């Protein structure tokens, strides 16, 4: 293979591991519904009840499934959800899982100015702190969107990593912010979300079809030494046949002893200690649009 | 498995049954077309003729298919359809099926104020009563949408249950209203509806692919002790290859002797007698949006 | 099986046949592009060149495929296409196929008033007549849409049948107009059309997946004694792997000796001679929308 | 097979080859984001980081995959990308690949007037020339769209071919412009692109499903003597499981010794020397829209 074309070396994982897998869940419950209806009186009980399947059944099923595989996950919880369901964060921590920040009302972060963005970060940290326990180290932006200038605002001492972008398929740093990347094709929401009323225009993907796609991606990205970071939402993937899909996926993952099944926080800790400077540091070059 | 995380006990079914299955059909015929075109002169014969496949062929085929399996279903019929096709309700009752309310003109209930909502409920009961026979006990909201304040209006003596929401995957109560839940991924319309003219943007799912997804869901939700409530529309699922899909699904269901194949009314009756108070009672907590 | 529920008897076919199959093609070429851009100067060569694949390659491939199976089809050609490609209608007739009317510029018929509708019908008949040969007996509305009042205008002596609606899955009469029905799930366009520029939002279906769905529908609708009327567009289904899909479909169809593979004109002729009055006569009941 | 119906003879390839295959890649990186946000300050880091996966990982993976099969591809690079990543064009050329023009900022060409269109062509040639090496011979319009009058502007001495349209499934000439055609169903973007925020409404296709469709198309179009021209985008198809999909596709292609695996430039060179005049010359007939 010739040189050139900016070939970046493969990512290195802790000794003995060829790749890594993180199970993450965005525990949004009704917070996106609150954000979308802010200043209004929401009228759609259909969406609200769908979302509340999460604290009633979905979340516990996912946690129990992880327990069956002896695995820990990374759960991102908006502040409003922590307050409305005060047993969620302590309950997740009691079972050994990581809990990270996810805004207060599942805000569309890229629409906020700096003052408001900082306020949301501060408030979600406050709510978290009020529920005791170890402080969070990770942040995930709702809807996986950030304005470019918000990268700088995320570099605060409390935050060891962001997990909202997908510029590489393994950990990297973006202008000094550690990124534990997500990836749309292994997010459940874009395949499973269906609200009715014309808001979603393609029907939910079958679990069998999605399982095949996720197994392909797991095998391929781990063969390349990358990170397989799936993201689920308990109100969708806590449903019966999606739990079965995940059970089959986890069964396959668990046969790969040399793949590190861990939390985003531990991946970030590894990256920050081992790879803080080097070939995985990316710049947020400005984009010229003045033409 | 640790305590915490609000683990609700599994749902209990009548002795000997581990789960339940309900076949439901929304017999809309042209009523959604009437609602969408209210106050106007509708111009699309394409949609109208598609919808009229239901009373011409689709409904009888579904009823005959159920008969082959010795099964009874729950059919929700708008008042305007009862009047336009006065043989439908008596015909369904004569074959042992449940008939429930479904508005008059397939109204988008969440857009109605209280007076209008009550009027629609009263009028559909009147039309039903005029066709004789046992009074209905169930209501299903068109488009599976309700405004939160309408839960209270549904708690009237005639109505034993609502079947429009999906906050759990087994019967529950929402602020005192018994809910026999539906679920989008086992509704035929979101997979099969195609009207042309740019209204639908993804093509119909193949029956073979949907059969696989529904078998996954049936196996998974009954393994968890839940309710498998499919919903079909005769103008869509009464078509030839969808009847074949249902025949194969029913063949599988019928091999599961310990799954209770019944009507929504009987499930509601069980729930109301056995589970009126307890762990399946959910609150309709208000949602804060004043920020 | 109990009486009631408006059970219409099965459709009867000519002796020896249990069902029928018609291959139909809408030879639109650029006429929908002309209609959409009427009064404007069209700017999208991408769409235009896609559409012109039909006269360059697609149409001949479909005709040759039919010849391999000794089958004749029904081709609906807008007047503007007859004029722009004056070899199409004579060429199709020379190979034994039916040619039917399809507007002049692929007009959205339901948007036309009576005078304009009649004008389009007259003009397309004139163009057809000028190309000699046997006169057409069939009409298919572009986009499969008609205004209800246009049913009456179609009852003119030249027209033996319409093929635009889908109120039954075998021939029927609607207010006295013979209908040889189409069906969206066996139309190629809703699965294969992709123009780019944001107009189509779901990608083309794979031929293998669509073949499976069409085989299910063929087997199911012929088992019920119905009509399997597929519709293709040469610029889409004349493409390589769709031709292969059709070849496999035709191979299966050709094994069913007791299914009548014929043209829409012959099906209409059968219906008009055998079933002019009876259980397959449907009324175009007015739809109440004044509430 | 009867005469008539404008049957054009099969395309002839260089001796010994029955068909051809071209791997092409549109190396857009952030240029479409720049075009969409021109005159504005772009706010979506989510899209930008997704796109930058291309120069970080995707492009090198695709080039390495081609190297494993000893194959060369055709890469179309906007001028802004050549400037922002000045190692791309020299790097591709060093590995033997063709590089072609693709605008400066991935302009929607059909929206430009003649002066601006010429300016974009000139500017992209200048940028290219400044990076040394052999001059480009091919042009591909961003988004595969051109205004009809732009065909004439593309007939400039530097340009041996255009590759933006799909009027045939083998090389042809359109009003004297050599066209090496593309084809939406073998473009990766319409199956894989997913940006979030409501811009894409159907989720990404699984690589396994797309592989099956592409194998069908490869087998069918090469059996008919056509050109199989796939197009990929490194930020999408450079992802792990899509690389695996391409690896399986290439494995199949490489078993077909009598299919010419080459670049678009060489196909154009063949066409221009052998087929400059003849049955594959198509006219850009004006389209009547004044009615």
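Note that the chains take the letters A, B, C and D in the order they are written out, and that residue 1 is the start of every chain.
Rule of thumb we're sticking to: contacts are C-beta pairs under 8 Å (C-beta built on N, C-alpha and C of every residue); 3 or more make two chains touch, one makes a residue touch a chain.
Keep in mind that what you see is a predicted model, and the values were worked out from it rather than measured.
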{"item": "Farthest chain relative to subunit C (centres taken as mean CA coordinates)", "value": "A"}
{"item": "Same vs different contact residues, subunit A with subunit D, by half of numbers used", "value": "different"}
{"item": "Centroid spacing, where centroids are CA-atom means, of subunit A and subunit D in whole angstrom", "value": "34"}
{"item": "Euclidean distance of C-alpha centroids - subunit A vs subunit C, Å", "value": "49"}
{"item": "For subunit B, residues contacting two or more additional chains", "value": "201-202, 209"}
{"item": "Residues of subunit B defined as touching subunit A within the complex", "value": "1-2, 4-8, 110-111, 143-148, 150-151, 164-169, 174, 183-185, 190-191, 200-202, 205, 209-210, 212-213, 216-217, 219-221, 223-224, 226, 282, 284-285, 287-291"}
{"item": "Residues of subunit D defined as touching subunit A within the complex", "value": "30, 33-34, 37-46, 48-50, 52-53, 55-57, 59-60, 63-64, 67, 80, 84-85, 87-88, 90-92, 94-95, 105, 194, 196-197, 201-204, 206-209, 239-241, 243-245"}
